[in-house]
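Same chain, two partners: chain A is paired with chain B first, then with chain C.
What follows is the complex of A and B.
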């Protein structure tokens, strides 16, 4: 049987995300300057405008004890695993490591790279507000982004013009629109792709040169829309929580006893990464970037509307539930993460009011497949009302 | 002979009165939030503002009413909060769920006193989420959280000072809107000067522990700094700390101490767990070892000179400096307040590993430590949990250093027998070092 073109493109995305080192090194060999980033609270556009390819530091899910001598055991496994990548020198080909101040756990992973993994002289921490829905926060971001731009100009020895930033904004916005279109296929009752496939592509986009990624995405969207058969999605599941780059979990969710499909993932490794745009054509490029990044689906660590204490993300989740019509919700978060479970406590009553069943999956470095399968099967059974 | 502090009763009385006023206020405004926040803006609303801050309330409740505190924590877990969440947060929410509140004089009041508003800060990943959850559970209490950003020498970063000041200015507008009251700059400025004065005075009191014998021990320090946290904006609080400073200065002059048998001086990094576990303090006391300096008791609500020429110092700030501060406009007063609050040592290290290490090196040096005790709290992100590992690397070849996990109030998270053994080990290591037998 001739392989469909869309399958081949998705396989290529999967190969990139499973071989990030190989992909990064190939870019380096072509003379590209590469910057690793640890959290999505960084304006990648400024790096790109400086001629640098941002590559997100993702994890290897190897059972290891090395990082226990560097980070306290009560930090989440994602931060441990990211720190491990540095200590194992898996990203030694990077020219720079960058992060924005976000949760304390990822901040410590960054510190490990800076102090113990040889990145002391080639690192930058962007000061980023912890409460983003305020006017002063936007001003603060503009100043921080300006300092970051200055640092990069010195680092690369070349100026970054407004035109460079505008072009980068346009490339990144294109990428966001394409990823959004890909996920919007999953709104359908008979989607032409799976949630696993969409998650794979989304993860790969975070380590890729965006122009190359955009070319592949355009082809994929064209082919997915025309050459693929549409199958019923079965039980539709929405995932919400923290960073999760372990594709085996998504594979597990979509291979239960009953047919189920992931139709949306609200996490910083999926929709929170791209579900926003930066205004184009503005005279003040840094202000445009700040405005765009404030408009993201907020990370729970930064979500607090002054005056009411409201969580803006809850409003958006309700909207995603309306748009994507899940039958069930999976809360997926790292063990020891502080902000995610705090939101889960508030989200559960909301789902109960909507009559949507849910389950918690607490992530660690490796996955307890049998335990998760039992939890997920139970969720699906409840949804299908097998259990009275 | 052990010295008995004359001001002790006044301190306890002040703390109890603040809490009782909150519990039984029939008029005025009840405000909750992290008292790890700039408090003076609230006082611009009038003289009838009653505060109950999260951390000091939870710490003192756990010390005064340990059984109740445990039930609060478990109650919060039954209400959906995770085992690994902040223990103070859980204790606080547990009281709301159990609909009763306990305070330092032993009173347990049935019926949770509903706050009129929440005024708080955000620094760690849970700090303001705590009060979002409180607001939600209580049906939507108006809430304003100030992003403190943090990091080493943040008080000297103009960008950060302006950012936090802008938020407070906007916060004052919000306070007027939400309470319907006019904001008095006169009351505000008075409160700012008092707040800064108390913080500086506490720094001066702590710095006297550089002397030998150290006049105060950790358990006394833990008990004496809460009034500064509970409400440090009043004339009464300034008078309290002025009288304490005078008394401790006199103790130093006459060579007196609350614990005169001090063979070993310990520097301590950790939240004050010896308060909930007096048996730990007893092991040290029996060996003549005293904690003479700790970042938590010194720096949660106290100010020092901090980073000077790139190096940290625990030298105090002259209290007269406060009298000369130019607070002639609202903006100037806000900015001075922001600089002092951002300068708190506890906040310096939350997002800055170099600041933690600088503070530790200076503390060991300036307080002439014989040993370093590191007790990271499993339930607190702001407790420099990462810093502890780096500190072990730095100090283990210099002075006896021992580390064990603790928790600020949740006894389930602490391996008490293991921690006791390690404390005994610390004593043995210090003895060996003093005898010149250390390898």
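What follows is the complex of A and C.
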């Protein structure tokens, strides 16, 4: 049987995300300057405008105790694993490491790289406001992004023009639109791809040169729409929570006793990464970037509306539920993360009101597959009774 | 001074109580028994057995010296205890007695593990003990052998035959225990689960060791020193050759006796 082109493209994306070092080194060998980034609260466009390819630091899923001597035991496994990557020198080919002041855990993982992994002279922490839903937040971000731009100009020894930034914004917006189109296939009751495949592509996009990624995505979307058979999605599941780059979780969810499909993932390793756009054609490029990033699906760590305690993310999740029509919701969050599970406390009453069953999966470096499978099978069983 | 006399060293540990008899710098005999909930009875039992093994009557003992987590409980009861020795001093003295090139001892016991560095006279230079989440490695190892339906010796042998790398949660032994059981439910080979258990232990000990300068030569003491699988992984992780003597479980008891002149 001849392999479909769409399968081959997805396999290539999977190969990139499973061999990030190989991919990064190949870019480096071609003379590209590379910056690792630890959190999505950074304006990648400024890096790209400076001629730098941003590569997200993701985890190895390797159980280890080494980082217990460097960051607190009860920090999430994602931060421990990212710190571990630095200590193991897995990313020594990077020219720079960048993060934004988002959560404390990832901040300490960044510090481990700076203090102990040889990145002292090649690191930058972007200041990011704690609460983004306020008028002064945008101004703060414009100033902070300006400082970052200045740093990069000194770092590379070349100026960054408005045209450079505008071009980067356009490339990144294209990437966001393409990823969005890919996920929108999953709105259908008979999608031509699985949630696992969409999640794989989304993760790969976070470590790739965006122009290369856009080329592959365009091909994929074209082929997925034409050459693939459409199968019923079965039980439709929406995932919401924190960072999760472990494809085994998604494989497990889509390989239960009954047919099930992941139709949307609200996390910083999925939709929160790309479900927004930066305004194009503005005279003030930094202001456009600040506006775009404020408009993202917020990270729970930043999502507080002053004076009301309201969560903007809840409204968006409600909208995604209306648009993607899940039968059930899976809360995935990192063990020891505080903001994510606190959002879960607030989201559960909303789901109860909507009559949507849900389950919690607490993530760690290792996964208790048998335990998770039992919980997920039970969720599907409950859903089938609710939605026959 | 106890020149020419017989000295008993007792290590009243979490899982086992151990006794050694030493005369003129020579180990005459040793014995161990589970501490369980009666450390006094365990101490009496191991002492009697050690005396019997050496063919020595109790009246020939010049003194009995105690170390281990339960040392104070033994001292305050009816046994005639000559003195007590903190575990880290006993470990340092005992390790040096057994190997005069030793300068660091890593003791992996039932509930506590620690690393102690010392000079050529056995004077302690640095001590680090496990954090709370890593407590109970020996108890964990014993429980896991029970869960897998093998002896502790077999657990190590199985681990050495592992062919596939699987892991258990690293944050605490309770999570590790539950994930090892999850691996069983997934049908993972027993050898690979045993290896994950041994690696978990070595990983926690190696993490603790990053807080102390490991002076050469490094020796390992305690019940888990007998697990070759744990030792293999520990060596890889700390990137240091480690040595395990003939009586790793008795290092503390020997050190208690030595501290009070047993080596003379």
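Everything that follows uses one rule, which is that the second predicted complex is superposed on the first by the 385 of 388 C-alpha atoms of A that agree within 3 Å, B and C clash if a C-alpha of one lies under 4 Å from a C-alpha of the other, contacts with A are read in each partner's own complex, and residues count from 1 in each chain.
One rule holds for everything that comes next: a residue touches a chain if its C-beta (ideal position, glycine included) is under 8 Å from a C-beta of that chain, and two chains touch if they have at least 3 such contacts.
This one's a predicted model, so the numbers in the text were calculated from it and none came from an experiment.
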item: Which superposed partner A:69 touches (first chain B, second chain C, both, neither); value: both
item: Partner chain(s) touched by A:300 [first = chain B, second = chain C, both, neither]; value: first
item: First, second, both or neither for A:104, with chain B first and chain C second; value: first
item: Chain touching more of chain A, residue-wise (chain B, chain C); value: B
item: Partner chain(s) touched by A:371 [first = chain B, second = chain C, both, neither]; value: second
item: Partner chain in contact with A:311 - chain B first, chain C second, else both or neither; value: first
item: Partner chain in contact with A:137 - chain B first, chain C second, else both or neither; value: first
item: Contacts of A:345 with chain B and chain C, given as first, second, both or neither; value: first
item: Chain B versus chain C as contact partner of A:129, first or second or both or neither; value: first
item: Chain A residues contacted in one complex by chain B, in the other by chain C; value: 69, 335
item: Of all residues in chain C, those that touch chain A in their complex; value: 131, 133-134, 167-171, 175, 178-179, 182, 185-186, 196, 199-200, 203-204, 206-207, 210-211, 237
item: Footprint of chain A on chain B - complex, ascending; value: 79-82, 84-86, 118, 122-126, 128-129, 131-133, 135-136, 140-149, 151, 159-160, 163, 166-167, 170-171, 174, 178, 350-351, 353, 376, 378, 381-382, 385-386, 388-390
item: Parts of chain A lying in touch with chain B, wherever the complex brings them together; value: 69-72, 74-75, 101, 103-105, 107-108, 111, 115, 127, 129-131, 134-137, 139-140, 143-144, 300-301, 304, 306-309, 311, 335-336, 338-339, 341-346, 348
item: Chain C-facing residues of chain A, complex; value: 62-66, 68-69, 73, 77, 335, 364-366, 368-371
